[in-house]
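Pasting the structures in now, so scroll down.
Two complexes come next, and they have one chain in common, chain A, joined by chain B in the first and chain C in the second.
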Partner chain A sequence: MNVALILLIVIPLGTAILIPLIDIFHKEVRKYLVVFSAFLEFIILLYIVVNNFSKITNGSIFLTYNLGGWLPPLGINLTLDMLSLYFVALISTAVLFLVIYSIGYIGHHEGKYYVLLFLMWAAMLGIILTSDIFNFYVFLELVLITTAPLIAFKRNREGTEAAIKYMFYGILGGVFIFIGIILIYFNLGTLNFAEISANFNMLPLNIQILISIFFLVGLFIKLGIFPFHFWVAKAQSAAPSPISALLSGVVEKIYIYAFLRLIWNVFGINVLQDTGMSKIIIYVALLSSIIGHVLALYEDDLKRMLAYSTIGHLGIIIAIVTVNTKFAIMAGLLHVLSHLLMKISLFTSAGFLLQFTPSHKLKDSRGVAHENISVFSGFIIAAAGMMGLPPMIGFFSKLFIVRSFINSSFYFGASLVVLGSIFSFIYYSRYITYGFKKISLGSPEEFRLILSVLYREKVVKNIALLFVIAVVLSGIFYKTVFCPLEGVYNVLENPSLYIDLILGG
Partner chain B sequence: MLELFLENFTINSFNLIFVATGIIITGAALLSTRDYRYAHRKLFYLCNLIYVVSFTMIIMTNNWIIFLIGWELVTVTTFLMLLWGSNKIARIYLIIQFIGSNFLLYVVLMIMNAGYSTIGPISEFNLQILLIIGVGLKSAIIGLHFWLPIVHSRAPSPVSAILSGWVVKLGFIILLKTVTSGNILLFYAGIAMVIYASLEAIFETDYKVLLAYSTISQLGFVAIGIGSGNIYAYWGSVLHIIVHGLAKTSLFLSSGYWIKKTKSRTIYAFKNGWFVDRKNSILTIIGLTVLAGFPIFAGYNSKYLIKYAAGGGLFLNYVFHGLSILTYLYVFRFLKWGIFNIDKTEKEFSKDEVNESNSFLSISIPLFLIVLITFISNSLLGINLANYHLLSGLFKNLIYIVVALSILKITDWIYVKEKPVPSMDIFLIRIKNWNNVIKGKPKVETIEVDMENQIYNILIKFAKFVYTYLPKKIQSQLLFIPIAILLLLIFIL
Partner chain C sequence: MSKTKHIFAVLILSLLGITLLVSLSKLPNQFEYANSIYHHVVNNSITETGSLNFVTAILYDYRAYDSLGESTIIFGAVSGIVLLLSRKTLPVSSHGLSFIVKRTFGMLTPFIFLFGIYIITHGHLSPGGGFQGGVILGAISIIFSIVYGSEFDYKRYSPTTKTLLETSGALLFIGLGFMGILLGGNFLMNLNILNAEVGSLLSAGSIPFINIGIGFKIGAGLAIIFYSMIQKTFKEEVDL
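And then the complex of A and B:
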């Protein structure tokens, strides 16, 4: 029993409930409360890490919390192992800084914004920590219904349309996952991850395949893998920048966590490999990746371009993880981190830079580099990381991904990754060259003087630069990030260990 | 920390000489930049510092990954240096180099996969070929050289000295470590490079383009030495990398001062050079003599060793004599039309505010080192291979000179009308015209879009094709879900 685990979920949930109450008394207190509880969350994470540091270095950390004191097969319980810890650490740290960024960025209806943001945070942590499949589904849908209003937060036609589309796709994905859960419950009579995992092999093969297909399709719709990618660009471009960063950098990573946990620890990767389904997943993911990059080439809207690039990178992550060698999984997990850092820094700095332009179009961004050179160079550094230039972390994750593709003689995948990075070079350089173009103030249609409308400009700028610094620093010290991933791999490769720890403990 | 360093880096005289040469070249170029107006000079120095660190990584390391990191860093830092010249050229350079380094990444990982965990001799012919193509874009192996005259001639002179003097050599340094027992394809590619680039240089009127083509032709000699697998030729390549790097640096730096004085880049504008700027003329002549391989300069030593590559083959021996004559041809043609084109009626060079306080030092330091290397070349390489037969070499070179001069005399010193500075557009016009000839359309003279836009257009057309054939309505988008499930089920069950 470890109380820290439940606190990880309760603190954001409690904050979400507290914010409207605080608003009644004094609205200025709200922002202090928000930052305080975000920091509190971070401190609890640190507490867990420091307390179990030796176990983390072994890769043998395992914490549980039984809700209501009911033991695993009957009650819901929260568990934290290396895989969960990796994702909890990524998400909590990223959201902490995005909350601070939002304080500078969001100038209106802040109360509603933070309620939804903290509910979403609680739901994301719930997905990662729970080991009950129905609870997992509930949190998955909670993420959906809290992000949809955030996407429509600008209250314009575009945002509403995007949110409805996002909702539509999300619910459809959820339905597939729900059917999968029903099938599991009918056939096995249990909802606990460990018990499902222990008994999944006893099911007839066609039922196993059917269940995994339903889960895969559900997750792919939520991830936005081709051919279910249609909602991604709309949702991520219509949302305010911190929410775009959250959607692209953090929420998508939750689904990757779900993919890893369900396929490896619950269903077992053998089902996919024996039936040849893993090959199909790899090819679908690679196709999705290249289509994402190609569509990004065509886009003339900065945020849509970044969103399509997200599709490209998620496809690569799914493909490399499904290759299922030790090095491949570790490379995929490293790319989760690197994509998170780079995409968030791109979206946050884009959020700052777009304040100076009349629209999101690339052509309108002429001369934006001269408005604020430091943030623009931050954007360039993060984009260089996306292309895979050293010493940014993107270089190392790209290197390891190509290497593990080649190691398992998957030359097609390796060439697609390389091609994708060349494509991304082209579309980022297009924006950057537009940014450096000088606008002549003489001609009337070129004339514009847009002042920043940001609420607190300094905070926004500094957080954007902070993420860029993180991209560079994590690249220089990539080994400190990469080596602990071996523990994560061990969790994924030994589902029996996971079963023993939950049911036996 | 020290252990980690020693694990991944090899320190031997071979590597240290290369690093020292690179640093001297960068230093000479930086000394010369003090005579130019540079904005943000400190940033430029910082770029150079990172560049020095990264090429040191490439040369010293025995770890493929560190090599790749260094390679990418060299690309980025040289791109940043080019930004002090023209943005467009820098962008073209970065695009081409980025594609090349991505291919190299792919190749290196394949080599690592084949079991070569550290940088060392590679025995598989296929992997050697892949590596040669991989480094080819940066090192301008023939076929992949098309960008070099454009970028090196348009860059600011100190930057072209760095690019032409050292950056192109880095690929050959890695080939020296990996292709130790020769590669027949590299050997013939080298001969083709010398012939092609010398011919281009002979008919060139722009001095910096001439020097850029001369770089390709001299790299051809290095490729011959590595590709032959002959031990003498191999060490000749090592020497030639150093000597040519120093000589080309000095020549490009002096070209900067010529251009500043004459306000023109064509060789015909250097009329009366001998009378007007005696110092620069002498240094330029020495640099060109080193390139041509005249005895008593180290250029002779390296070419002497490389000529062992011919082995006993009579035909190859004659080919090698021909290659030397080709070099003399473009050297003498430049001297005739440039420095020694004496015309007393012409006005003198403009003397207004040309700052050349560092010119003598920056141009002559590399040349001084070459003279030094001439006498210590055996002890520099740490081997005692040959005694270079200076007298017979002198005799041979005199014959080359006589042949070259008589060819030039017969052809009236090959006068060519002034050509435009090469750019990517010329390639595009050529490609467009081939296409038009096939289609039966008339040829075009000019093309409006540049290379970059052309590539974008092709890619964006492809992207538009994908974009238009994806469904727009949500009903048809949602149809993908049942289709995908059905396909999966049919495929598996």
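And then the complex of A and C:
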């Protein structure tokens, strides 16, 4: 029993509900409420970490909370183990700083923006903490419903088109997952992760495969893996920069969490390995990765380029965790962290730099470096991390990925990772060279019309630099991040332990 | 070009359809799983929750947390639509329909309201509940705008009132959840507030209150959606 778990979800949810109420009475308070609850959330996370520090260091943390007082198979329960804790920590910290960034960045329609942002936050934590498959689906849809209006936040043609496309793909993915849930309930009569996991291998093999395929297709559509990647670039380039950072850095990680949790702890990786499906997943993900990088190479729009690079990195993460050796999974999880930090710092600093240029186009960004050299060098550092240069965290995660591909004699995968790095070197250096060109930019009035104005420039700048510092620091102290991942691996590899802990306690 | 594209799409879809059909036809016809939660709910839900309606017992007691998520989806959709559809220049509101229609609905609307309230409060006894009753309440606002003109709706039932109703409904739901923690139980525990015998109106613990909360939230939310589609919304959006 741990009340902190439900507080993690209810605080953002309650904040989202309070914001319209506050807007009626006193609009000025909204800003403080938003920051206050974001910090409160962070404090609760710290409280959980400090209270269970010894258990976290040996990887045996397991907190649970039964909602409504009903025991697991009957009611819904929340659980927090190493895997959930890792993702909760990443997401809560990232969203906290993105909320502060938004205060500087977003200047109109703030009320509804924060409502949707906090609902999205609550939904993401709901997905991670729940151990009930229908509840999982409810929050998955909540993430979709709240992200789509934020993509169309600029209310122009491009944004609306992107949001509609995102909605269609997201709903399609949701339908696949929903059919999978129906099949599970139809066959097993339960919705609890642990009970499904305990009984899943008693089903006939063809039904096991059918259910896994439904879930995999649903998750891949939501992730934007290769055959379903069409919405990614549109959505991430049309959205305002903090939302692009959230979409690429944080929301996509939720689906990676769902992939890990469902395939390893609930269905069991054996189903995929015995039928050879894991090989197919690896090749599809690698193909998607290389296609993402190639498309980024051809792109002449900064935010679309960053979005395509997201496809490339997500493909690598999915491929490396499906290899399913201890080192591979740990490397994949480290890359989740490194991609989150680097992509958020790229998008946040791009959001700052784009105020100086008339459009998102690369060739319009000539001379950006001379406008603000500190943020631009931050962008270069984060981009260098993406290319895999030391001492940024991207170097270590890519190194470990290549090494674990080679250890399990997947030379094709290893070479693709290296090739992706070379491609990203090319497309990032294109932007950087444009940035250093000495050409005077147009008059201020000209681009004020096209781009949103930053409201508190200093906040935006400092948060962008903060993420860049995080990229460098986590690279230097990569061991402190990497070692706890062994506990995450143990959670993934022992579904029976997960079952015992939920149903036994 | 487009024709070959269409043929290609049809081919892929039919291939997928056939695969799906073959896989689904291999499912056994009858499933009987001994430990299914279905048995527990059917046998024990009346004594455990005090609700005559199984669906309500599941929605607002066993899985009340899901209902919190579902009603939050409506809340999110309302916020999103208000965000996207609010604009500066607006069509002039209608002046309503003819005198006959106005009189008829003048007589009908109180009963529609009463019916909505009935559906909400009897959620634990008969089919219905907060979601369904809320939709009926939301229809009243639509009647106001269509029959009497949207200006009437604005005066009688202003956007601020709607937002207040929506958020108070949501806060009631979350507040009931926290009451469970304060009384020494769990979040969204079924509180022993209304404990008359099973089958009467004042029974089933906190389920009727959750129904009322959801009813207000859904009703006001749908009214806001309709309203933001026809007329200017809150002042905040106007001074863009």
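The criterion applied here is as follows: the second predicted complex is superposed on the first by the 492 of 505 C-alpha atoms of A that agree within 3 Å, B and C clash if a C-alpha of one lies under 4 Å from a C-alpha of the other, contacts with A are read in each partner's own complex, and residues count from 1 in each chain.
FYI, a residue touches a chain if its C-beta (ideal position, glycine included) is under 8 Å from a C-beta of that chain, and two chains touch if they have at least 3 such contacts.
It should be emphasised that the depicted structure is a prediction, and the values quoted were computed from it without experimental measurement.
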| item | value |
| --- | --- |
| Contacts of A:S345 with chain B and chain C, given as first, second, both or neither | neither |
| A:V418 touches, of chain B and chain C: first, second, both or neither? | first |
| Of chain B and chain C, the chain that contacts the larger number of chain A residues | C |
| First, second, both or neither for A:H108, with chain B first and chain C second | second |
| Touching partner for A:L172 - first (chain B), second (chain C), both, neither | first |
| Partner chain in contact with A:L116 - chain B first, chain C second, else both or neither | second |
| Partner chain in contact with A:N206 - chain B first, chain C second, else both or neither | both |
| Touching both chain B and chain C, residues of chain A | 206, 210 |
| Residue numbers on chain A that touch chain C, as the complex places them | 1, 3, 6, 10, 13-14, 16-18, 20-21, 23-24, 27, 65-70, 73-76, 108-109, 111-113, 115-116, 119, 122-123, 126, 134-135, 138-139, 141-142, 145-146, 148-150, 152-153, 155, 160, 183, 186-191, 195, 199, 204, 206-207, 210 |
| Chain C - residues contacting chain A, complex | 23-24, 26-27, 31, 33, 35-38, 40-41, 61-66, 68-70, 72-73, 75-77, 79-84, 86, 160, 163-164, 166-167, 170-171, 174, 177-178, 180-181, 185-190, 234, 236-237, 240 |
| Residue ranges of chain A touching chain B (in the complex, touch as defined) | 165, 168, 172, 206, 209-210, 213, 217, 221, 227-228, 230, 275-277, 280, 291, 294-295, 297-298, 384, 387-391, 395, 399, 402-403, 406-407, 414-415, 418, 421-423, 425-426, 429-430, 433, 436 |
| In the complex, chain B residues that touch chain A | 65, 68-69, 72-73, 76, 87, 91, 94-95, 98-99, 102-103, 105-106, 109-110, 112-113, 455-456, 459-460, 462-464, 466-467, 470, 474, 477-478, 480-481, 484-485, 488-489, 491-493 |
